[in-house]
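Residue numbering begins at 1 within each chain, and the chains themselves are lettered A, B, C and D in the order written.
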């Protein structure tokens, strides 16, 4: 595994874990309704990151296409999470999404 | 593909779709908080059904073990969904979970 | 679930099962080396179809983007499988891939 | 995320990447037929590790059951990979599987 791919996989895996944790934590909040869009995007983001990681690890010829879509969904999820400024799980997830988006874009440029 | 496996795959795929739809519909409800456990179980149930379907379709030697776990999670999800008697998406999901649980147990006995 | 979505999900699920079965059957062939690219594409195709089905079933705002990528990978996998004219599992998989590609493109146009 | 869970997620993610890489590398070998069982187990192992990681990250009540099954499949995959003593990708995968099996069993005992 090239060092760059490992760094990309690390960012993808950190984003999966952050999104899964964020969705579960959102469901425990008092005002779950306010978190509904966050939960929806967490689901999409964890799923696309998981698939992208698999394609990258296996050296798929289709990995590049997924990186582009993955970056888009990470951005959407990170933007939504960033709005919930007083929730630590959302702030951590927003940061993981931003790093993953950047790693995907770096992978695209490689 | 044997007819029995196709019937099992159909039940698993119907359960995945019902759980995904139910989770999204729950997030649109006025009282999302009441649906939090339902959404959590929908996630687990769709995920285990999806993996089980893959193992069954590929004829994996480990498919039997997953059928057992899949039946357990379908039961838990179906029981929770069944409680929400006035929500159609939950009732439909409860029915899909029950059928999938039965199909998994039939697959185990085969 | 709208009838059109159900038809799309059916095509996606049939393609997942065909790809999984094809990959396993390819691994049982005498000349596995000749099937190596087929097996690789089966993996990618089953994976992208599975994710696309989840996004469609949950009504994700990102489903459209995945449909486009899914159609591309279905085409690549179907073209490869179609080359192996004397293997039934490949011919069945090629047909499932073609139908799924068409269903994805129909979903994109909807 | 507790430190123990992070360590478990790291082992699961390393095992996914090793299995995906091993399967792709096996498909490039001259004697693919000899690697057929290894490729099959790599698929199962990467899939169960991926699902287990999702359940652990979301704090699912069903994570424990998956840890048990995941450990079993990691053992089967690691044992098969260990047989191919002159292939680096198999030796690396065998090591990742062994570490992941141990991490799953440690998670079960926790």
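In the analysis below, contacts are C-beta pairs under 8 Å (C-beta built on N, C-alpha and C of every residue); 3 or more make two chains touch, one makes a residue touch a chain.
These numbers were taken from a predicted model, which means no experiment stands behind them.
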item	value
Chain pair with more C-beta contacts, B-D versus A-B	B-D
Chain centre separation (chain B, chain D; CA means) in Å	25
Interface hub residues of chain D, defined as touching at least two other chains	23-24, 40, 43, 54, 58
Graph class of chain-chain contacts, one of line, ring, star, complete, other	complete
Interfacial residue positions of chain C with respect to chain D in the complex	23-24, 27-28, 30-33, 35-36, 39-40, 43
Chain D - residues contacting chain B, complex	40, 43-44, 47-48, 51, 54-55, 58, 60-62, 65-66, 69, 72-73, 76
Complex interface listing, chain C residues touching chain B	1, 9, 13, 16-17, 20-21, 23-24, 46, 50, 53-54, 57-59
